[in-house]
Amino acid sequence: MIIAVIGNSSCSPQEAKLAESVGELLAQHGATLICGGLGGVMEAACRGAKSQGGLTVGILPGQDSTAANPWVDIPVITGIGEARNIAVVKSARAVIAVGGSYGTLSEIAYALKGNIPVIGLNTWSLARDGQEDDSIIKVRSAEEAVDKAVSLAKRHRNHEIASLRSQ
Amino acid sequence: MIIAVIGNSSCSPQEAKLAESVGELLAQHGATLICGGLGGVMEAACRGAKSQGGLTVGILPGQDSTAANPWVDIPVITGIGEARNIAVVKSARAVIAVGGSYGTLSEIAYALKGNIPVIGLNTWSLARDGQEDDSIIKVRSAEEAVDKAVSLAKRHRNHEIASLRSQ
Amino acid sequence: MIIAVIGNSSCSPQEAKLAESVGELLAQHGATLICGGLGGVMEAACRGAKSQGGLTVGILPGQDSTAANPWVDIPVITGIGEARNIAVVKSARAVIAVGGSYGTLSEIAYALKGNIPVIGLNTWSLARDGQEDDSIIKVRSAEEAVDKAVSLAKRHRNHEIASLRSQ
Amino acid sequence: MIIAVIGNSSCSPQEAKLAESVGELLAQHGATLICGGLGGVMEAACRGAKSQGGLTVGILPGQDSTAANPWVDIPVITGIGEARNIAVVKSARAVIAVGGSYGTLSEIAYALKGNIPVIGLNTWSLARDGQEDDSIIKVRSAEEAVDKAVSLAKRHRNHEIASLRSQ
């Protein structure tokens, strides 16, 4: 089960702590962590996952693996810049957003477009044409985020299998 | 001067009317229209632009040009799926969003990340960590949208030239 | 009718002359020229096309339009690096290669994969498992290249229309 | 150490056998195998790697993980179509080509452009402007391919570290 953690490449100490806890808990659940492979939230999440023996995948925007943070096990070098944001979320069964700016917003948008559940910690809120859009599942702790992500990821998988069987 | 129009590939008659007016006015201002090349808002905007002798560019997600709406002069076949959303907005000096769903939201996010002005007609509203983000310039008519877009596009260009000169 | 010209971003004076002639002749045939938008062969071809009043499209790898050569009318900013090579050839009904290194080879490969005719001037030769692959149509002059490209582009289009009608 | 195996999504029994041996040997050397994640050569290589307890990464072109062959441990869903070919080779320190058609040729071209060593088993031969280009290292067996790939991958890595130290 692959779960994405998204957020800024530079972040506050509080966000880093949250992201690190998310990484630790994902690894304890046996999930593989996928992220954009750089610093900030991505690095903290990878560090957390590795401290618990988890596996980490970093989908990098540029041309070389030296940009990866030191806790990335598998650096994927895309060379496609910010278009790599799509691969980060599409590869996951659920996405956890920690804070984040416009790059994170693009990832949230792509995940929601692809019906991939998004769990948010201090992140974006959306409204469309005056109506609130509550697709982002807001939570208040790393534990809640990972519990939601893992249970939705399992459900997401079952839907996929069911839809394959009915084809 | 290239200006992007973004929005859904299927849309309400009111949105189509708005988008068509936007296309007409952009062409009257001598702007080249760039969009995702498909139906709905994109098609209405292209139709409007062509009715006034404008030039239209469609950045298509798939593998063949037959998916382009009939008012696209220059179909660019990217084959990169939704990653083409980035090229739509990055190629423009300003972006006009008409309505829109999650695909449009990803385009808004990429434009704002790239400091490209976004003008919104009945589109998304954003808030981050409880704070409203008013980066999307909300307007109420096609005229207002195009006036804003054209004046911001000119300013955007002047900034670029100034920053080149100071290098 | 859109036709691509591909080749190195730095080139010999002879290649530049060939590419410029190709650009001139394409414009005289009323074709729109698409290319990677940078220097060398791309710039020479665009300069030739503009000298005859043609329209030029540059599919740029990076993040800003200032990298475009001065004869590009429509700079498309993809931000996807070398993956933009695919868009250059897929958008064309025929491709003319002038010289070229590995980037050009990737474009030739993508064009042949997509059944888009490739005409070669002093460019790559291919063999697979010891057998020559003569898919690249070798020619010796700009005139021959453009004549071949234009006639194959027309045939390519007719095939497309026929295949649409039979669907 | 990540090494890529590239080749057709449908292949002859001989090619499948070669690819499977390549996968087995890579896993025995402790290398992580990266590939395009689909059938044919990719599937055979992954099957070989898994039979020896190796780790496999599949960089998929489409939108869902069900297209991955059953021996892919980590399916990366890019949604960018054939542009994913770039990520397959750029993520590797060396590339082994088994047979292959134009898609494989595009991968060889991108690898050579990025100075990533390419080892070839019954694959493409290149010549440019009448001159043979011997950048593809031709070998005759899976053993020879993997030995070359592993030793070049190590050297490639040392170059990277040296170039980082001298910055």
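As written, the chains take the letters A, B, C and D, and residue 1 is the first residue of each chain.
FYI, contacts are C-beta pairs under 8 Å (C-beta built on N, C-alpha and C of every residue); 3 or more make two chains touch, one makes a residue touch a chain.
Just so we're clear, the structure is a prediction, and the values are computed from it rather than from any experiment.
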| item | value |
| --- | --- |
| Relative orientation of copies chain A and chain D, as a Cα rotation angle in degrees, nearest 5 | 180 |
| Chain B-chain C separation of Cα centroids, rounded to whole Å | 27 |
| Overlap residues in chain C, where contacts from two or more other chains coincide | 63, 79-83, 86 |
| Category of the chain touch graph - line, ring, star, complete, other | complete |
| Residue ranges of chain D in contact with chain C within the complex | 80-83, 86, 99-103, 105-106, 108-110, 112-113, 122-130 |
| Chain D - residues contacting chain B, complex | 63, 79-83 |
| Touching residues on chain C, where the partner in the complex is chain B | 2, 32, 34, 55, 57, 59, 63-66, 74-80, 83, 86-87, 90-91, 114, 160, 164 |
